[in-house]
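Heads up: the structure comes next, in structure tokens.
Chain IDs A, B, C, D and E follow the sequence of writing; residue 1 opens each chain.
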Amino acid sequence: MLATLLIFVPVAAALVLWVVPVAREVAGGLALLVALVEVGLWIVALVQFDFADDRLQLDAEQEWIGDLGISYHVGFYGWSLWLAGLTAVVCAAAIGFALWAGRDRARAYYGLMLFLLGSIAGVFASQDLLLFYVFFEAMLIPLYVLVGVWGGPGRVRATVVLVIYTMAGSLLMLASVVAFGVTEGTFSLADAGTSENDWIFLGFMVAFAIKAPIFPFHGWLRAAYTESPPEVAAVLSGVVSKAAVFGLVAIVLPHFPEPVADFRGLVLTLAAVGLAYGSLLAFRQPDVRSVVAYSSMGQMGLITLGVFAVNDLGLDGAVLHSVTHGLISASLFLLAGMVIMRCGTDAFAELGGMAKGRPLLATVVMTAGILALAVPGSANFAGEFLILAGVFDHGWGYAVVGATGIVLAAMYSLRLISGILHVRRGPRVTDEARDLRPYELALVVPLLACLLVLSAWPAAISEHSFPDDQPERAVAEATAP
Amino acid sequence: MGEFLVWVIWIAAAIGCLGSGVAVVTLANPFYSALALIGNLASLAVLYLLASAEFVAAAQVLVYAGAVMVMFLFVIAYLGGRADAPWAGGTRLFQMAAVVASAALLASVLVAILLKAGGRLSDEADVERAFGSPAGIGELFLTDHLLAFEITSIVLLVAAVGGVVLGMRPERRPGEPEAQP
Amino acid sequence: MIDTPSVDWFALSPVLALLGASAVCLLSAVLVPALARRTVAAVVAGAGFVTAGVLACLVFDASADAELQIAESMTRDRLAALAQVILAGAGALAVLVSWGSKRRSHVGEYYSLLAAAGAGMLFFVQAGNLMTLFLGLEWFSIALYVLCALDTEREGSLEAGLKYLIVGSFGSGILLFGAALTYGATGELGFNQIREATGASDPLFVTGLAMMLAGLAFKASAAPFHMWTPDVYQGAPTPVTAFMAAATKAAALVVTLRLLTVAFPEQEAMWTAAVAVLAVASLAIGNLAALAQRDVKRMLAYSSVSHAGFMLIAIAADNELGAQALLYYLIPYAAMSIGAFGVVAARERELGVDVTLERLEGFGWERPFFGAAMWVFMLGFAGFPLTGGFLGKFYVFAAAFESGWWWLVIVGALATALSLYYYLGVVRAMYMRPGAAGARAIVAGGSPPFDPALAVAVGVSVAVTIGSFVFGGPLLDLAQEAAEVLPFS
Amino acid sequence: MSGPGVPWYLAVAGTLFATGACGVLLRRSPLIVLLSLEIMLNASNLALVSFSRLFGEMDGQVFALAVMAVAAAEVCVGLGLIVAIARRRLDLDVDRLSELSG
Amino acid sequence: MIAGAWLCLLAPLVGAVALTLLGTAVPRRLAAYLATLSVFVGFGGAVVSFFSMWARDPDDRSELSTAYTWLAAGDFDVGVQILVDPLSIVMMLVVSGVGGLIVAYSIGYMDGDDEERRYFAYMALFVFSMLLLVQGGNLLLLLVGWGLVGLASYLLIGFWHERPQAVAAAKKAFVMNAVGDATMALAFFVIIWQSGSLGFEESFAAADGWSTTTVNLVALGLLGGAVAKSAQLPLHTWLPDAMEGPTPVSALIHAATMVTAGVYLIVRTHPIFEAAPDVQHLAAILGAATLIVAGLVALVQTDVKRVIAYSTMSQIGYMFLAAGIGAYTFAIFHLMTHAFFKALLFMAAGIVIHQLAGEQDMRRMGGLAKRMPKTHVAFLVGTLALIGIPPLSGFWSKDPIIASALATGGGLGWALYVAALVGALLTGLYAFRAYWLVFRGEPSELVREHTGEHAHREDRVVTLGLGVPVAILTVLAAVGGLVEIPGVWDPFSVWLEVVAEPLVHPSTLQDYGTSAIAVALGTLGIYVARRTVSAGRELVPWPDAHRTLEHKFWFDELYDALFYRPAAALAVRLRTDVETPLIEGGLTEVGQTTSEAASAVARVQTGLLRTYALAIAASVVVLVVVFVAVR
């Protein structure tokens, strides 16, 4: 029941916003309120959730299309609950940011944001293959408009590439969904068996590889992340990309054990290449958002490494890192947005020296940057460590690349921090560029606070994701040599 | 003897039919083309007769060659039969393609017929004298093909309405803007 | 004494209702004063379509078992009834879209022809033998030829009318010749009798099949028989285009399905392959050509070609799931088509010129309702979830996969990805290039009159588009009941 | 039946059909295109009539009669259109009717 | 005892967090006091732990305390746990004690800086991190502390963030340390892979059963981390640059505590190194190489802080040497005394620098002995302790290391022995050169300007509180070595032996003989340095050699050419040659191809009726032909 509420409360609010003509302030306030309610609902869900129980919880099921075995079936496992929580928190911050930045055409905007929130929650809750696909695609609808209408000057191309590229992947996945569901006779994730078909597997993989994105399927990435409004980029990189993680863990691993084993080398290689490639590119990008964009790509490669390690360490690490990466990349995008609001640009060439006289900004940017580089002790580090320790089973090379990634992450994160904060004052940094306001702090600090709390106790997630009898165990057994 | 005569008539009608058909397609002036079509229809009527379709043949001459073609001629006369060279317009390549396509259509149909010719096609049923008579046809129209009969009338009605609507001078009040969709 | 056959008036009642409406409209053109003519004619035509739809529902309900009547010239079954419901619904929406058009002349005749065309389609899907098939086809075709050309003031309309007439007659001629050859090969006209009479490898028979397939594909505007479609859709009055896009295709595809599966089961290897090839060609050509369009109606025309491709995949699947998919697909497709053309009509009436993508600029923000509706239709066409278009595509893919046409599924998926560019292009034009000065300058005479009928039509279309997704289960059950009448092996 | 057999009729029908098609493909005057279409329909009629004779059943003849009516209907609409076009002082040339393209 | 240890760990953390959260709500001075207080509370905790540990039986001097599970996945779990044993207590005392003194010193030193509060928050964070490093009860927590000290180091080196060199140095330090973190992490992955745990006990116990390759890999990974953190060859280049930070930072992080963490790591994980003797010897060799190279480079440096920095590298080289040959107790002993005298040197230099308004170039100093007598005494004590002149602390701790090298024997032992002795000579040279340049000779223009009419300023420095910590450290540097006198008493070794039993035990003869040689060499160095410097000559008169030393053996240039530039170039090349043309350009190309195809298809649609009919006719023909053919 709670799962249903998590999905449809924001969707209903979106419909209300679209239909009822309210003032822009009211629209924004309502949206923020609903987003906070969503966070509250999630907390209720967290409290009600029994992590010792490995069954689906907070679930609801309603037959939808009987003859093909399709139903509206939602619910959470421990690990997907965390992803839902990430969604609620990041979306609330993003909506808060939008409220502060003052987006025009408020009703349309906030409605779309809420719709996006609902559909992402739907992705993480769905337990039916077709339902998953529905939400997976539904996410794109608001994203398309949000980027296309409220984005930067290159938004049209960005949206075209984003939507067509990701849809091309999703449609191949639809083919796979059809093939798998028809073969199995059901679309229920719980009831469906396993498949040995490489092609069906590849259909899913391509979709998730594009969504994540994994090298070399990331052509849409830079344009989409840099042309979006910052808060949309925050949701896009922080949360939407995690839909791929959900897909991999909920669909690919349990239902395609043999293809997973066969293609593991390839996927791990691509993920490792993506990690190194994204990190390297991030190191030489000219502006803040591009850096975050490519670093996101690298981190998604890392998460993929963890998922395809298919063992406790890798999977727990992947979930943990999904959450932490979601929080940190959202924070960084929001911070980039705040910098842009002040200086009109996020190009390093025109920034710098902002630490002087802006202690709050400096502290927050520094904290975010340090978390982003996964300094040991941070939750990000914990996730990264688990993932690499997990993937070590499958070859030390991946771990070596991952370790290189640690160094590269340090390089680009420090460059990012210094580019904003340090050395001489950039040409666009004027005295009007004030320190962070309390409202802005209220947006970013909770995200960072979540991360710090998780840093103190990463086991909160890593220990409460996959209870006994995990799906990945089955995979491991099926694929044991 | 009767056989021979039938053959002669048949061949004459077939030649007339095909020749006039070619004439319709190739003559420059629509007026002559229309006249050629009348010839074509008439020779077809002969073929119908030879195939024991008396009523159809009669209808062909009366309805088709009579009524329809008269309408045609009226329109041609109304518009002034402007000449139109059959080989004008379009590239050479296109014309070649058109002819080749028609020839291919012909060839494929003929091949299909040829492949079948030895079989059932040569095995004609015996028919009574009444075959093809108005009575027989009328009965069919009222029984098995009742619906078809009714529909034919509707089709004609629709066409009539359409012809009237299209051919009518548009009622336009002075100063009225052009009609919009 | 001739034994006149007993006629199942109930089964014919939808057709008759529309014919009656058509006749009343025609009379109104003469009897009703000019001022009230539009109201009377439109209401009568609308009522005719609604009545026909309701009656078709009743027939659906009462026809659990399929029946052949009057020497197989007519079929009474759920397949036909469901198709009739869809067609009648499309007609009713088309009437609503037509209401606001600024037509001054021939109003009565217009609605009369619209109702007549609808009646023809309703009859067409009931056809049980080759003769009724041909006659039904000509019935609605002739009405449509006239409707296309009815704006005699506009060159484009006349051009569309003549093109449609000539190419259409050419197509009908081929269909007729094919029917003749089929008759020659079997000596039978009824579909079921043909199935029983056939020898599988009869050259005349397969030639006939090929030609009839071509003729029907022509009506469904499947590539490469589609080339008339963009020209005619663009030139014809927009409400007529809406009706044609939704209804003609639906009727033609349902009849294609019926003819192929009922009369030609033994040639299935042959025609499924042919239909698959047509489907691929339609998907490729329709989508590619649509990419290059600036005129929205023309773009939608090409999009209808690509959708014909999708639905042909369902036919090529040659299984019950495919039939179900086709029948379901038609529901949202018809709604989306009419809705989309309805929105185009709204813009057209606002600007007084043809609607190009450039002229849609800012439309979404100026007219939020129409903008949002168009958004829904485009998403539906593109097969996004939350619209029936998605479930339709999904079922088509499922059907194709079930009969082993996995590569058709891939082609369909890629084609959909391609189609996104232009569907979203419409959204892009409406929302993302706000208010170019040029578009406002040509608005004819200030703000357009509120057109409740059009709004209702678009609203209903949206409701059907989304509703068919949410209530996909029950609708698919209906489609399945309809599909059951077909004799799949 | 005496005289030529059904295949001969069919041969004539086929040839006629191809001739009509050729006319549609080649000619620019809509009037002659209409005439060519009539030829195509008549070719079908000839086939129907000969098949009707082949099977000794009159269905084909009935069909042919219906086709005749349809042909008349098409001509009626076609001529109406041509008149309307002529009234708009447009060239009676199907090649000139190519505003709608692309 | 455990409570004391926890208090020691958490007090600085509380201080750091409180300062960060309170921000400008606390006055600057109060912030400074809070930080100092928190560190001294930590020191108090450490002292408590020390005494309660002292009271225990030597076999029972180890306790592991787990607060909660920090990270867990499947069977793998790591707690927030601290290990209290003699080794960690020594380290706790040094870190919190010396740290407390340096933080107290900072109160005066940083007085008036714009961002004092931030500074003290960072300092407290550093002390917490360092304590976590030494107290961490498992390898992962050790790595966490390891990373956090690197972070604090980064923050503090770059504290003056408007100075480009400072920011660059901070980044360089962090990145080089990240390399070390990465190799350590890799070693840990191997350990997890092999033993499924990161607990000290479990992994050390498992190490015996590993293959040579495995254990070598693990040890190499750990050594990589140690080398990076302790600025040993070849990952040493960041340390001199790190002198861009405030001087107390240099004293605390880059002399007394953090940089010696590598030594702690080797001692802590000695079972692994002992299982991989080749790698352990490598550590010794690297230490020896570093002590010579750093000593040589220090001969020509002109920046007083850099001289001390190189001397730090050099001294840590001794410690590595000791750890590498298994003289663990001496390594830690030297670590402790080094913390005293090196912190003292830095703080004394800091006073000088403070006095001279930030000037760090020794060539512009001179003659300060009379003008700043107290500072002079402190510096001199530090210098002599560094050189190893008895009875100062350095003498007691360095000579046993050299003697242990002798006791190791073999070719390696002799080589190390010679290197260590050469190092002693070098130490005397560079240390006394610095002393002479700064304090003796004629006062320079600069010195006169800043000390002439304001001679009382040293007093002001004292009143600011700089004097007290320096005085304490002076005492410690002087007498801190007396806890271990070879042949007389060895409580320090006994204290530590329960943690790490040394592999070598130099005989008394070796000890005293070596001491004699070392002291002689040191004195020789002093003498030569004094002669040369007072004559105004360079210690290294040969131009080529001088230039090589000035360029620090071209390590920076080498790394720049080997790693940084290729990486940056690769990043740029990837963008220009892969990302833009292939990944993004590929999409554009697909788009263009599609739109070309689209216009081609649209061109076919000529608008000419007859082409439409032709298409239909042709298609029908094809259909018919195919159907008839395949029927």
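Here is the rule we go by: a contact is a pair of C-beta atoms (placed from the backbone, for glycine too) under 8 Å apart; a residue touches a chain by one contact, two chains touch by 3 or more.
Remember, it's a predicted structure, so these values are computed and weren't measured experimentally.
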Key: Most central chain, judged by mean C-alpha position against the global CA mean   = A
Chain pair, most C-beta pairs within the contact cut-off = B-D
Request  = Measure off the straight-line distance from the CA centroid of chain B to the CA centroid of chain E, and report it in whole Å.
outcome  = 101
Ask   = Using the average of all C-alpha atoms in each chain as its centre, how far is it in Å between chain A and chain C?
value = 42
Query = Per the centroid of Cα atoms for each chain, what is the distance between chain A and chain D, given in Å?
reply = 65
Request  = Could you please state the distance in Å, as a whole number, between where the Cα atoms of chain C are centred and where those of chain D are centred?
outcome  = 26
Key: Junction residues of chain E, two or more chains touched   = 602, 605, 607-611, 613-614, 617-618, 620, 624, 628
Task = Mark out which residues of chain C touch at least two other chains, giving numbers and ranges.
result = 131, 135, 138, 142, 145-146, 149, 152, 161-163, 166, 170, 174, 177, 181, 184, 202-203, 206-207, 230-231, 292-293, 421
Query = Of all residues in chain A, which are in touch with two or more distinct other chains?
reply = 160
Inquiry  = I'd like to see which chains touch which, written out pair by pair.
reply    = A-C, A-E, B-C, B-D, B-E, C-D, C-E, D-E
Key: Interface residues, chain B side, partner chain D - complex   = 2-3, 6-7, 9-10, 14, 17-18, 21-22, 24-25, 27, 30, 33-34, 37, 40-41, 44, 47-48, 50-53, 55-56, 59-60, 63-64, 67-68, 71-72, 75-76, 78-79, 82, 84, 86-90, 95, 98-99, 101-103, 105-106, 109-110, 113-114, 116-117, 120-127, 131-132, 136-137, 140-141, 144-145, 148-149, 151-153, 155-156, 158-160, 162-167, 169
Inquiry  = Considering only the defined contacts, which chain E positions touch chain A in the complex?
reply    = 20, 23-24, 68-77, 115, 118, 132, 140, 143-148, 150-151, 154-155, 158, 161-164, 167, 170-171, 174-175, 178-179, 181-183, 185-186, 188-190, 192-193, 567-568, 570-572, 574-575, 578-579, 582-584, 586-587, 591
Task = Mind listing the chain B positions that touch chain E in their complex?
result = 90, 94, 97-98, 101-102, 104-105, 108-109, 111-112, 115
Ask   = For chain B, which residues count as touching chain C in their complex?
value = 108-109, 111-113, 115-116, 121, 139, 142-148, 151-152, 154-155, 158-159, 161-162, 164-166, 168, 170-173, 176, 178-181
Key: chain E contact footprint on chain D (complex, rising order)   = 21, 24-26, 28, 94-95, 97-102
